[in-house]
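Next, two complexes with chain A in common: one pairs it with chain B, the other with chain C.
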Partner chain A sequence: MITYLIRRLAYALPILLGVNLLTFALFFGVSSPDDMARLHLGGKRITAEAVERWKVQHGYDLPHFYNPAGEGVAKVTQTLFVQKSLKLFALDFGAADDGRDIGREIGKRMWPSLVVALPTFVLGLGAYLAIALFLVFFRNTAIDTVGVILLVALMSISGLFYVIGGQVLLAKWWQWVPISGYAPGLSGLHFLVLPVLIGMVSGIGDSTRFYRALFLEEAGHDYVRTAHAKGLSPFRVLFRHILGNAAIPILTGVVVVIPRLFLGSLILESFFGIPGLGSYTIDAIQAQDFAIVRAMVFLGSLLYILGLTLTDLSYAWVDPRVRLQ
Partner chain B sequence: MVFALMGCQEPINSPHPSGAALGKTLFSSFSERPKHLDPARAYSSNEIELIGQIYEPPLQYHFTKRPYELEPLTLTAMPHLTLLDKQGRVLAPNAPAEQVAQSVYELQLRDDIRYQPHPAFVSAMHSVALRTVEGLADFPERASRTVTAADYVHQIKRLADPRVSSPIYGLMRETILGLGELGDRLAVRQQKGEPIHLEAESLAGAVAVDARTLRITLKGRYPQFIYWLAMPFFAPIPPEVERFYARPGMVEKNLSLDWQPVGSGPFFLAENDPNRVMRLVRNPNYHLEFYPGRPDLRLPLIDQAVYSLEKEDIPYWGKFLQGYYDSSGIASDTFDQAIRVAPDGTPELSAEMQGRHLQLVTALRPSLWYVGFNDLDPVLGGRGNAARKLRQALSIALDWEEFISIFLNGRGIPAQGPIPPGIFGHREGAAGLNPVTHIWQQGRLQRRSLADAKQLLAEAGWPQGRHAQTGAPLVLYLDTMAGGADAKARLDWYRKQFAKLGVQLVVRATDYNRFQDKMLKGSAQIFEWGWNADYPDPENFLFLLYGPNRKAGLNGENAANYQSAEFDRLFVQMKDMQNGPARQAVIDQMRALVQHDAPWAFAYVSKSYALRHGWMAPRTPNLMANNTLKYTDLDPTARVAYQQKWNRPALWPLFAGLAGAGLLVTVAWRAWRRREAAQT
Partner chain C sequence: MMGIQPTLLISDAVLFLLLAGVGVYVWRSRRSESARATWRRVFAARMGRWSAWVMAFFVSVGVFDSLHFRVAVETPAGQAQQYSGEVLSVLDTVLTPLRTASEKTYSAPLATTLLVKESVTLADGTVARLAPAIAHVHPLGTDKVGQDVLYLALKSVRTGLLIGTLTTLVMLPLACALGIAAGYWGGRVDDAIQYLYTTLNSIPGVLLIAAAVLVVDVQIDAHGEWFNSAAARADLRLLALCAILGLTGWTGLARLLRAETLKLRELDYIQAARAFGVSHGRILARHVLPNVAHLVIITVVLDFSGLVLAEAVLSYVGAGVDPATPSFGNMINAARLELAREPVVWWPLATAFAFLFTLVLAANLFADAVRAAFDPRGAG
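== the complex of A and B ==
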């Protein structure tokens, strides 16, 4: 197990380096340090000298990958790539181009993201599994047919429609909850109702159909027929045998998502005014703040790799036949 | 939940903390987090809107007087100006600009201007362990002190500090005596890694004569400098606050002047979470000031202003209609719901909005939009007759009246010249019309006919949009940052306008960076551009056409790269003149010149439309002033009453939902029973 984890870590390093390199190349392919300076300094009365000063001040006056003016290793270290990207491996996110500390900002923003994403994830997963089991229980009946039609209909609707529709229906017309907003602590619970509900509902269509398909596949296996033949109650067969054996593919989809819950949802956070990480990256791209973009892409990659590793570990935990070597 | 829905006194959908609506608190929003709150750096409107309430420059715009007029804010009187020649001799106020070597402004400060309470002013605060500090709230003590002239000097020096990167440093180093030299010295220090102590640096152009007297010396003559004294760039910064924030570990905790402003204005920033909410609270040390003409109304009139982050229009508009925001702009999507246009063309509130007792407030913005023709372009540019007539023809064809009607819901007026209404030099009615594009008919502006445009096009050598000799079609290029579905209709409109003359328009949509690049290189052909006034002086608009200020190669603001020796000569003459008939006469010549040369197709002056709830005190908008929050007033009791009236939760969906769930359970139960029965 330890060997396996070390090997995964070793694989992760070149992946992260590649992601960093790609982000760096893409960002500076469309945005030069001069462009960034002009955007940060504002649209009016910007002199060439002000642009130069901003670049020096923020360390964007260095060459991209090779600094011929440097001496020894400084030819490589005194470059934009090393100074701006490689420090991330030490989890040193540095300061955003507007001067704010990125690590601190991430630390602050991830909690609102989590406060919305975690209940959405847990309640959503519970609801999707329950509905899928319900439909499987009534398979080959009108209930199942109507349920699947509804799920397909729900799948076909854009996520944005749920957000706007939910806000109009529950907040504007029925006036049950605030249209948007966020407050930390228990006093902010009423702000969470609508985004969590919408987050859940928007995922019902595809997730429930996926779980239903998994359960149906399990339900067709011989051991299920045997269990029925032995006289086990349909509930026991459903919850004990079918649900238990479908756990591995469920875990595949679920565990990989868990670390990324911190990163939040762009649309939900934007429409509900939730100060999370979801909109942090998009805001940074619009503001051409490379410092934030590279930090967030790096963090996203790191969490994704972490999610995959956790998924592998969970296989071994759920299924004794799987051994990690 | 039902009990909660029925029994709660405060509406359950209120986004505000319990009881907050009962206070004298303004609830508003912001859509984009401000990047900078340092008065030496902040220049965007959303930044100035916030720090304008916190910092106090020496002057302000009179809130109600029109045309806009400056008045002292922290001064006992308007600054006293002395002009000196090269030998230091005093010149007459109307001395020609070429004789003036220096302009000396002397500012006499009031003695009752005090800073907001802040830990930086506490002398014995070193006992606080910085490691444990997370925010300003962790500093138990607060103190204040009187604003001195040295604080203004300190801020002026900060404009040259390379660590600050002030956007106006480039302009001010050419203006304030010694500021460029100071900036150069500081830049060298920074390069060498030496510490920078602004207090130890001297600056000839900004001197504290005594605690209450500030002297600012400019190179040559720059009458518009007085307007800069009404901007936060020239607000006082106490050096001890800089020292306070410069201590180790403070910046990493976002404790800096760029994040936690310290001013003497009517409000201070009590909560700064730009990811969620920013809260301004009345400064207890604010000096005595009254609403103009109302000695019974001491400013500020409200206790707090809460700005919540709202990135999307839909939730913002919904909350405004529920009474949770006190005022709102009108987005295009909601225009028809809010406004109806009366038969005489005047906008008024829709019946729904009237039923809510809203106020509609409109005002022309001190801004101008135009379509620029690059003067360096071989087809469209230059002073030649053919290119001029081509530009004139296109200026007629671009039907801005139609554009305003389609894309702005009528919120604007077609521009006739380079100076918008409300700024000295603008001419109303027939006197100000652009004779190239309009005629005055039956007491109103009338756009010239397409036949006139086609005639000009033919005279330019492009009859029917084809080259007179070769027959090749005329293809022009519009460079724009606009892209995507939202911009498609507008860009199609442009194509249609050009097609009316048989001219093909190719839209070259690109991103912000590439567009800026093209403009800096002067390689764009036709482009959209606009300008918001920094200050209400015609120089601030006419300099956009001044040759030495061109963008290509010189990085100035003359985006069309227009070059006219006559215009440049008149500009130099006009910029130093006092407002009056003589200056108006020069401006009239300049306007006639650019109307004739047509380097811009003058597009429109936009109109701001705002809605306010009935509980807000009526105010005429002042679009030049930054510090208008202190004049805002409201009636919280009426607000709460309306909020309760407009927010009564509907209960029937809850019962309908419960009934639906019950039905589903029943159907499932019966299906289950049926299946069980079938199996047995």
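== the complex of A and C ==
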């Protein structure tokens, strides 16, 4: 187990380094700090001094990889690559363009994201699996056919429409829930209903179809026929045999996203005014704040790799044949 | 008779190149009995046939909207003929009544008056509050600046189609080359390619795309000399978006191709070809590529609808097409606040919804028919 985790870490490092190099190349190679400064200062006629001043203020006045002005180690450390990119490994995200510390903001904003994303994820998964099992139970009947057609139709609707439609219908016309907003703790519970519901509904089409296909593949196996033949009830076959054996492919897709729940959903959070990491990211993209985008890219990869590791652990948990070493 | 000057935007050129490629594929597969039989299965399914018709309609709208030209403007005699800076398309010409019939502001579908009342001085000198009559009838109403909504929706079709298809053009060579190479050679090559796509995959998709679009925006802003008109600039951004989506989206197909090639490599006929001393290039071209082609076709068709939907979300996030390019994402973005108005302005959003839904639904159904015909194993 320990050896497995160490191996996993050794595997994660080159990937994170790759992500780091890629974002560095994107933000400092393809576009230069000068371009960035000009973009933020706006307009075409900007003096070279203004550009320099902006770069010094935001710490972009360093050379890329090698600083001849520094002494000793500082020749390497006083560079953009180390200051802006490698420091991410220490989870030191630096300051945003407005001067606020990105790490502190992330620590503060990940909880609202989680409060919305976690119930969406859990309730959604339960609903998708239940509907998929229901359709598989009625396979080769009109119920299944109609269900699949409905799912394809639901898949074909842009996520934006679910949000807009939900807000107009449930919040504006029927006034069941507030249209947007957020409050921490139990008092904010009514704010969560709509985003969670919409988050769930917008995933129904894709996910349920995927799970249905998975269950159908499982239902075609011989052991299922045997189970039916020996007189087990259809429910028992469905829940014990099919669901149990489909656990591994389900976990493959599900566990990997769990750590990323912290990042929240871009669209839901910005539409519902939830002060989480999703809306933080959207604001950063719209304000062209490269420091925040860089930090979020790195954090996203980190959480993804964590998710891959958790997936392997979950295999060992559900399937006694899997041994991690 | 006014002269016109045909204008070829880069995206037009790429689109026609792509159509030519599809033409070559159709021509070649006509000669192959098995390919003909497979495609017959696609169109024999009722869903496949209907969705193909709907798609054909959207594609022809997109193609007519890609035949661009500029109209000649009056030039003093003796000078070289000058052309208008505005780039029009054949679709624009067909839709001239809709395109030019603009109102002052919102009007409901088929309405005869504008939505909001104004103070109007009547002939007898009295002032009355009434909604001014509009000049033209608009089947789906007009938007805030008085543009015809049906016209906007039809213009958005091209953007959606381009994003759904040009992205594939960028993605396919990458996915095929890297995926097949990883599966065929294995070892170090496989390690390197797997590292590459795991790294790319580990970055949240929207973030990577947004980051790349931000950087490209900076470049386009800094290089005004790359384009000579607003249309060319918007076109460049659209192409950049397709390139970015393609460069970040090849990993899924590459992974599929790698796994399939890994299986094929061990099969007897490829082992036999190796033993006979057939070169790697020839084995890949003659024996491997044709046997993974069904995966490529299925993926291309399946990805299309996802890409069209992605455009809407990316435009909302601020990392989509140019705000001036007619697109479903931009339409939704502009329309979503209008529902809060009183009286409610629902038609721009409803139109965008209806068009986008029809396009994506047809694409999804067509993809299902293609998958069912090409991959007998794929249930669902």
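Quick note on the criterion: the second predicted complex is superposed on the first by the 295 of 325 C-alpha atoms of A that agree within 3 Å, B and C clash if a C-alpha of one lies under 4 Å from a C-alpha of the other, contacts with A are read in each partner's own complex, and residues count from 1 in each chain.
Basically, contacts are C-beta pairs under 8 Å (C-beta built on N, C-alpha and C of every residue); 3 or more make two chains touch, one makes a residue touch a chain.
Bear in mind that the values here come from a model prediction, so they are computed numbers and not experimental data.
Look at A:Ile285: by the touch rule set out above, it reaches chain C but stays clear of chain B. Of the two partner chains, neither chain B nor chain C is touched by A:Pro320. In the superposed model, A:Ile164 lies in contact with both chain B and chain C. After overlaying the two complexes on the shared chain, residue contacts for A:Phe191 are found with chain B alone; chain C is out of touch. With both structures placed on the common chain, the touch criterion links A:Asp98 to chain B but leaves chain C unconnected.
By the touch criterion defined above, A:Lys172 lies against chain B and chain C together after alignment on the C-alpha atoms of chain A. Applying the stated contact rule after C-alpha superposition, one finds that A:Leu39 touches each of chain B and chain C. Contacts of A:Ser31 after superposition on the shared chain: both chain B and chain C are touched. Across the two superposed structures, the residue set of chain A contacted by chain B and also by chain C is 30-31, 35, 38-39, 164, 168, 172, 288. Of all residues in chain C, those touching chain A in their complex are 195-196, 198-204, 206-208, 210-212, 214-215, 217-219, 221-222, 305, 309, 312-313, 316-319, 328, 332, 336, 339-340, 349, 353, 356-357, 360-361, 363-365, 368, 378-380.
Looking at the complex, you find that chain A touches chain C at residues 14-15, 18-19, 22-23, 26-27, 30-31, 35-36, 38-39, 148, 152-153, 155-161, 164, 168, 172, 209-210, 212-213, 216-217, 220, 260, 263, 266-267, 281-282, 285-286, 288, 290, 293-294, 296-297, 300-301, 304-305. Within the complex formed with chain A, the residues of chain B that make contact are 5, 11-15, 17, 33, 35-36, 43-44, 162-163, 165, 167-171, 187, 190, 251-254, 256, 258-259, 273, 275-276, 308-312, 314-315, 318-319, 321-322, 324, 511-513, 516-517, 534, 555, 557, 647-650, 653, 667-668, 671-672, 675. Those residues of chain A that touch chain B in the complex are listed here as 30-32, 35, 38-42, 44-50, 53-54, 56-57, 95, 98-101, 104, 108-109, 112, 134, 138, 141-143, 164, 167-168, 171-183, 187, 190-191, 270-273, 275, 279, 283, 287-288.
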